[in-house]
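Look at the two complexes coming up: subunit A is in both, with subunit B in one and subunit C in the other.
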Partner chain A sequence: MAEIGRVRIRIPSSIRQGDIVKVRVLVIHPMEIVERKDGKPVDKNYRFINRVLVTYLGNEIAQFETTQSLSENPFFSFAFKATEPGALKVTFLDTHGGKYEGTADIKFS
Partner chain B sequence: MIWIRTVAGAVLTLAALIVGGCAPTEAPDPRAGLPPAPWISRAIPEARGEIKVLPDGKREAVRYKGWTKADFGKFRTYAYDDTRPEPRPGKAPMPAIAGDPKKGRSLFLARAKGPCTGCHLIQGADVWPAGNVGPDLSTFGDRGLPDDYVFNQIYDPRHVFPNTTMPPWGTGGVLAPDEIVHLVAFLKTLKGPAPPEKDRERDPNTRPKPPGFGDNLDPTNNPAVGRAEAAEALWAKKGPAGAKACADCHAGGPAKAMKGAATRYPKYVTQYRRVMSIEDLLTVHAPETTGMHMLAQSAENLDMTMLVKMASNGMPVAVDLSTPEHRAAFERGQANFNKRVGQRNHACADCHTPGSGRGADRFLGGRLLGNVENGLTRHFPTWRTSQAQVWDMRKRMQWCLTPLGMNMLPADAVEYAELELYLTSFDKGKPISVPGIRH
Partner chain C sequence: MSETMRTIHFTRRTLLRGLALLGVSGAMLPLVGAPRPAAAQGNLANLGPEEPVDATLKRLFGGRPIKDGSSVMKLELPLIAENGSVVPVSVEVAPPPQGHVKSIYIIADRNRRPMNAKFNFSPGVTQPFVGTNLRLNETGDVRAVAELSDGTLLMAKREVKVTVGGCGG
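Take a look at the complex of A and B:
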């Protein structure tokens, strides 16, 4: 899978102030899984996303801790209350120090 | 020399006169657009439709992982060189054994033997999901039909209904005569009145149509979009021959360089002298220009096809049907669409055209059958939620007839390409939307 770390954010096309907005986020990532032999992992240096941070208007509004049990190209969905226009930023951190960011501009119609 | 040429010309004209019958002047060549030599498949090994002979002499088909290995070689196929006629309606004497309705019922529901419930509804909460391609048999026993009539009707329904879509179960060898006797005994027990329906989804006539899977172009909804975008790396990758990439000749990126290209396919490609879809073209065009292999049904081929087709998303399909090659290919595709093939003696038209006793827009088991008139091709390659795989039109065609007992042709076969051209003619003017998302 090419282009590891491409972040895609989907928000509803029209948002009104005060709405509860459902956000869908997808990141291109292999999410390597643990291979086991005789019950033990064969190599511990797997590359997978272990932290997801969500900031809105510069404030952190959510944090997720994730494990390699997620599929490749993981997809997250969450809701938040849109109080002011501004940037919604989602940051994915992986076990190899990778940092992938995506931003959606929250505008009111 | 001139004299010989004249003679040859005269002979040809005479041949055209004979072929053309009463319209000798503009007799179209039915072989126009066919490749001059047999097409050598450039597909991955499991997509070539090959038959392997095992050391013990048994024949085993090479197919995709998880597909049946049974060889259906004795039944006819779509191959243009397969000129076997449709098998004649068979007849067998009804065995003089006592039919067991219980055995009959389990045969009626047995997946490996049909199942009859795929097309016919009967009573019972365990009959789910039933289809409605064939008549509702919930109260069939009330008709009081004689045993041997029902037996013959199942053994080969063509004796009574020459154009039926029901397979000749006995002639094809799916059901043994003894099994049909059990089915007859079971059908006689189906007496009315049928109890009121509790589950609206059990009855295919009241079952709601599936709502689909949402926006197919949303990468957070359709995993195939991510795969197609991955092919952008392949687009820029230099191949071993002359260190060239797709991007070196097709300038401006795939979205610009390929805009509208997919609307014209499948089309007759003069250079290769046959009808090709984008998948077919990539199998020969990619190695010739870049040295990279893009075998039919390989991940590279499917991803690149999606990338190319996505550049035409929203644009109307505009396949050419005017040249003699396209016209002849369309007609061959149409003939194959209506040709009954395989163990079940089915034609595409049986399930995918609307009408009495036909399957389009009805349920085959729990699956709603597509209607060819709505266009079946413009969302392919498509993400199949049931398989978690990207399938192109060819794999769909190969799959369609495998459970119906036809040996599949190579994925890049001319026969499929021309059938695809026929199907795509119904999509003409409708917008492309690739990759699709379906069950």
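Take a look at the complex of A and C:
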């Protein structure tokens, strides 16, 4: 498997000021699911992403609380209004303390 | 509410950053023994509880009435999911006349832990839209519940037929 924690952000190729921009973010992560033994769930420290933070121009615009019910290598898409050029940053936090970040530059054409 | 959450998340972030600097891995956190919010744990007891969907709705929303929001919410799901471990879903909510959409919950009725994901938005977000991939255990309804800033709850649901389940847990 590709290395865990690689983050890819896809933004539209041309953005104009004031546009509602739809972004897709993908992170490489196993998102472990609960194992069962004889029908009983095994208690262990499962590794999955439980928090996603999205910041634009330094302000937090969205925050997702996620569970194992999301697929392996989860993607998230969301929309925001591009008001000014600047950085869009997405941070993923997992239950093992991992922190994975990706940034995209929002530029106007 | 949002103020408190912000404080918690700030502390947690700082804590994690601090630990990362010290080279302490997340797996060792239980040894440290500090009580942490449930969302931060990887242990079984701290995952969402296994429960029927009615219990989930009650736990999340108490007895608050949930209105039918199918006219303002667009929930996109496949009719038939051949592979339950990757089911694309997207939810779009028409911006309410007043206030904003605070959060969107995605709840799968027939999963062991129906609460799938919660998406919180800041007040400045005028276009509440989210999409992701779900794991679905078996054929059943998938609901999206939108919570507006005035506390109104709106729900839309669709049935998805699942050929091969995608959830071990």
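The rule is simple: the second predicted complex is superposed on the first by the 105 of 109 C-alpha atoms of A that agree within 3 Å, B and C clash if a C-alpha of one lies under 4 Å from a C-alpha of the other, contacts with A are read in each partner's own complex, and residues count from 1 in each chain.
In this text, a residue touches a chain if its C-beta (ideal position, glycine included) is under 8 Å from a C-beta of that chain, and two chains touch if they have at least 3 such contacts.
What you are looking at is a predicted structure, and each value in this text was computed from that prediction instead of being measured.
Aligning the shared subunit A places subunit B and subunit C next to each other free of steric conflict. After overlaying the two complexes on the shared chain, residue contacts for A:Phe75 are found with subunit B and with subunit C alike. In the superposed model, the angle subtended at the C-alpha centre of subunit A by the C-alpha centres of subunit B and subunit C comes to 100 degrees, rounded to the nearest 10.
Once the two complexes are overlaid on the shared chain, A:Thr66 sits against subunit C while remaining clear of subunit B. In the superposed pair of complexes, A:Pro41 makes contact with subunit C only, with no contact to subunit B.
More residues of subunit A are touched by C (comparison of subunit B with subunit C).
In the overlay built on the shared chain, the residue A:Ile28 is in contact with subunit B alone; subunit C does not reach it. In the superposition on chain A, A:Ile15 makes contact with neither subunit B nor subunit C.
Contacts of A:Ile4 after superposition: neither subunit B nor subunit C is touched.
Touch criterion not met for A:Leu57: it reaches neither subunit B nor subunit C. Taking every C-alpha atom of subunit B against every C-alpha atom of subunit C, the smallest gap after superposition is 7 Å.
Common to the subunit B and subunit C contact sets on subunit A are residues 24, 75, 77.
The touching residues of subunit C, when paired with subunit A in their complex, are 9, 13, 16-17, 19-20, 24-27, 29-30, 39-45, 47-48, 50, 85-87, 90, 108, 111, 113, 115-122, 124-135, 166-169.
The residues of subunit A lying in touch with subunit C in their complex are 20, 22, 24, 33-36, 41-48, 50-51, 53, 59-72, 74-81, 93-99.
Partner subunit A is touched in their complex by these residues of subunit B: 218-221, 223, 226-227, 229-234. Residues of subunit A that touch subunit B in their complex: 1-3, 6, 8, 10, 24-26, 28, 73, 75, 77.
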